[in-house]
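Heads up, there are several structures right after this.
Below are two complexes that have chain A in common, paired first with chain B and then with chain C.
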Partner chain A sequence: MPTIKRPVLLAASAVMAHVPGLLRIGSKPAREIARDASLVGRLIENSRSFDEAVGYAPNQAFIGAIHPREMGPRPHFNRLVEGGQRFGPDGEIMPEREFLGLMALADQFKLMKLAPEIGSAAAAALEQHPLSDALKPQKLAAAIGDPMAENARGALALHLGSGEYAGALATGHSEDANLAASVIAENLACKASGALALAHLLRLNKIDPASIEYVIGCSEEAVGDRYQRGGGNMGKAIAEMAGCGEASGADVKNFCAAPIPAMVIAASLVAAGVFRRVAVVGGGSMPKLGMKFEGHLKHSMPVLEDTLGAVAAVVSEDDGRSPVIRLDHVGRHKVSSGASAEAILEALVTAPLDGMGLTLNDIDEYATELHNPELTEPQGSGNVPERNYRMLAAMGVRRGLFGRDAMQGFVAQRGMPGFAPTQGHVASAFCYLAHARRALDDGGSARRVMMMAKGSLFLGMMTGHSDGMSFILERNGG
Partner chain B sequence: MDPHTQQTIIDAVGKHGRDNLIVVLGTPSPEAAAIAAETVTIGDPTYAGPLAETRLGLTVYHILEEQVRAALDPAIYDQQVGLMAESLDMPAIAAAVAGVRAAISHEGK
Partner chain C sequence: MFAGKKVIVVGERDGVASPAIAACVEAAGGEVVLMATECFV
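Moving on, here comes the complex of A and B:
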């Protein structure tokens, strides 16, 4: 029997793609445009430029250039970060032409055609990209064609945020709804952004792609055909695109919560000695683009849900310095746990803490649902992270750890403002991994960070339950 | 309130009659509570669902309002709702829903 090894979070990355043109094929905008075609014009009028997306404080926090607590007062959309850059310590914000090129590179079945001027611009930009060796943009030539001809054959039209025609995506199979162009578009956007996150992680941390033995996909998209709708393995598709030739992979599905069980499974594989290095990758969710656009239009704001977010992490054997993933007490929402807010938090937070002999005060930072409230509040969905942190603080009050007057301090000290795009699984703690790794590294401020996520299983109509899971990251040798 | 939920409420009214129903909201903010309360009384103010311009005039309360709490078993209430009562802005939510009720009763007169 191999001895149990301590798994650590070796590295994490976070990337965005600014895709205001793909926004109109997000689930909600597409449905509304079908009812009222004039909406297209309003979306174009209210779209953000790339510079505005780069200078947006929550996006700078997403790529690690600033901490979420350093974003400054709201609103952020009309007060851009001075000197905000496309590339940050944890990844980048990719402009839409290049990202369309990346989607075409992800498309091995030649379904996507880019208009010549868009394809050429994308190829030229990707040639200059720091990851050009891994992404192989020279292959883009094959994707440059006549999208109008494709469009005439019933393909899905692709546009830039400006409204300019960018290309077309053919259906994968005329009789299979699971391979419709709209589905392929979602899956290509997911694969391309996930591969971009993993490729950045490998380069930024000087990790040999061949050292990755397994890639677990935890994206929201379902890859498959009519006989296996959620057949899967975005993980392996991303491994291939990111150049991890020695890896195989599989997917973990659990609605928005998926990244946390994926991380726990990755850490368990390492602990058991099955693999030495396992990557966990969540690509961007195209259906969620523009999900709450009506609120933004109503409040005369730019349509801010115009960016895909993707996150990658590598879990490895103990290197003596990276944060340890505590597998001895993970939080999990059991079938018997109960559905009240308190029952969920007991299962996810206080039960594992009790098991370790710790209290809520022993966790320096909680990473929970970190949706940017500037995206959710205009549509009446409130401030999700603040609500979560207040509930955690209320747990402390109910357990007699501190008085009600200390709740606000608890929220300010151990919580943080939401900064993630409304990309479900990415916003659910996963987006904070790279920040957490920094906070737990030498010179960092934290000793323990709890990562927790919840998933709305009931949306799939197979159970009335939700789910959730959590784990604690701990400073190595601390 | 999403269109599916609005339809569920319309169906319930058809089945049980409006006088036999009370809507108990669980929305986490005063703004969302007011919108939901309006939706089931004077109609969906966001015009997003089948209750747009439909006056159901249902009786509506929020789970965090005193009248609801007083009507329920204290132990079960604490177990199921206690944490939310502790963490949400209970007075503002109660005031928002009471405000909608008051406006409607005033209109009725």
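Moving on, here comes the complex of A and C:
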């Protein structure tokens, strides 16, 4: 029998794809366009350019170029980061033509056709991409064709943010709603962005793709057919596209909370000696593009939910320097835990801390739902991270750790402003993983970071419960 | 307080979830006829 090993977070990455054209087939915009076709024009008028998306401070924070606390005052959308770059320490923000090309490369069943000028531009740009060896853009030639002919056969039309026609996606099966073009589009966007995140991680950290033995997908999309709607396996599909030839994989589903149990499972597989290196990947969620666009239009803002986000991580055996994933006490929301926000935080935060003999003050940073409030507040959804941090601080007061006057300092010091696009699982702490790794590395400022996430299980109508899980990352040797 | 009343409960995951509100309503003598929790992100 193998001995128990200490699992560490070897590396993490974060990428975005700026896809203002795909926004119109996000769930909410598509439903509203079906009611009022003139909305398309308003979405085009209020879309952001690629440069505006790159210069957006929360997006620069997402790819690791700045820390979320360095974003400056809001609003961010009309005050761009000077010198903001497409590529950052943790990944990149990919423009839409290239990303459409990447989606076509992810499509092994030749369902997607790109208009010649779009496909040619994507192929030329991807040839120059730092990951061109892994992404194999030469294969894109097969996807360049006559999308208008596909449209005539009832395929889903694809556009750029400018309104320019870009291509088409055919249905996978005429009698299977699970393989409808709109579903395939979601899954290809998820696979392409997830593979981009994993490929960046491998290149940035000089990790041999062949050293990855297992890939756990924690994306939101359901891959399957009429006999098995959520059959999976996005993890293995992403492993293949990212060149991890020695990996197999599986998916972990848990609404927005999925990445945290996926990380705990990955760490457990490493600790048990089943695998030495396990990747965890969450691809982007296309249905959530434009989810709150009405609030943005109402407040004369650009439609800011125009970017997919994807995150990848590799968990490995202890290398003596990467942050340790503490498995001795993980937080979990039990069936019996209770449904109030306080009960949830007790289960996720104070219960594992109590088990370790630590207090709220022993965690230097908390990563929770980190949705960018600039996206949620205009539609009346409030500032989600701030709500969570205030609740945590209130628990500190109630436990006698500090006085009420110290709450604001606790929130400012151990919390952070939300910076993630409304991409559910990606925004749920997962987006902070690369930042956390940096904070816990040599020269970093933190000794412990708690990662926690919640998932709205009740939306699937199988239980009234939500779920949640947390784990602590600790400085190696600290 | 809620005795003899039928109550529709709408909660929010990151605020007060509906089961917690429903427990309060029932403790106060109300009858919960519909309960939903929403997620705004």
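One rule holds in what follows: the second predicted complex is superposed on the first by the 478 of 478 C-alpha atoms of A that agree within 3 Å, B and C clash if a C-alpha of one lies under 4 Å from a C-alpha of the other, contacts with A are read in each partner's own complex, and residues count from 1 in each chain.
In the analysis below, a residue touches a chain if its C-beta (ideal position, glycine included) is under 8 Å from a C-beta of that chain, and two chains touch if they have at least 3 such contacts.
Quick caveat, the model's predicted, so the values are computed rather than measured.
K.L.:
When the two structures are overlaid on chain A, which partner does A:Gly382 contact: first (chain B), second (chain C), both, or neither?
P.N.:
Both chain B and chain C are touched by A:Gly382.
K.L.:
Quick check on the superposed pair: does A:Ser340 touch chain B, chain C, both, or neither? Answer first, second, both or neither.
P.N.:
In the superposed model, A:Ser340 contacts both chain B and chain C.
K.L.:
Can A:Ser456 be said to touch chain B (first), chain C (second), both, or neither?
P.N.:
A:Ser456 sits against chain C, while chain B stays out of touch.
K.L.:
I'd like to know which partner A:Gly231 touches here: chain B for first, chain C for second, both or neither.
P.N.:
Touch partners of A:Gly231: none, neither chain B nor chain C.
K.L.:
Looking at the overlay, does A:Thr422 come into contact with chain B only (first), chain C only (second), both, or neither?
P.N.:
Second partner only.
K.L.:
Quick one: name whichever of chain B and chain C touches more residues of chain A.
P.N.:
Higher number of touched chain A residues: C.
K.L.:
Who does A:Gly355 touch here: chain B (first), chain C (second), both, or neither?
P.N.:
neither
K.L.:
Which partner does A:Gly245 reach: the first (chain B), the second (chain C), both, or neither?
P.N.:
neither
K.L.:
Kindly classify A:Gly464 by the partners it touches after superposition: chain B alone (first), chain C alone (second), both, or neither?
P.N.:
second
K.L.:
Quick one: classify A:Arg390 as touching chain B (first), chain C (second), both or neither.
P.N.:
After superposing on A, A:Arg390 lies in contact with chain B but is clear of chain C.
K.L.:
After overlaying the two complexes on chain A, where does the chain B footprint on chain A coincide with the chain C footprint?
P.N.:
340-341, 380-382, 387
K.L.:
Can you list the chain B residues touching chain A in their complex?
P.N.:
Residues 28-29, 31-32, 35, 46, 79-84, 86-88 of chain B touch chain A in their complex.
K.L.:
Across the complex, what residues on chain C touch chain A?
P.N.:
11, 13-20, 35-37, 39-41
K.L.:
For the complex, give me every residue of chain A touching chain B.
P.N.:
340-342, 345, 380-382, 387, 390-391, 393-395, 397-398, 404, 407
K.L.:
In the complex, go through chain A and note every residue touching chain C.
P.N.:
256, 338-341, 343, 369, 371, 376, 380-382, 384, 387-388, 422, 424, 427, 454, 456, 458-459, 464, 466
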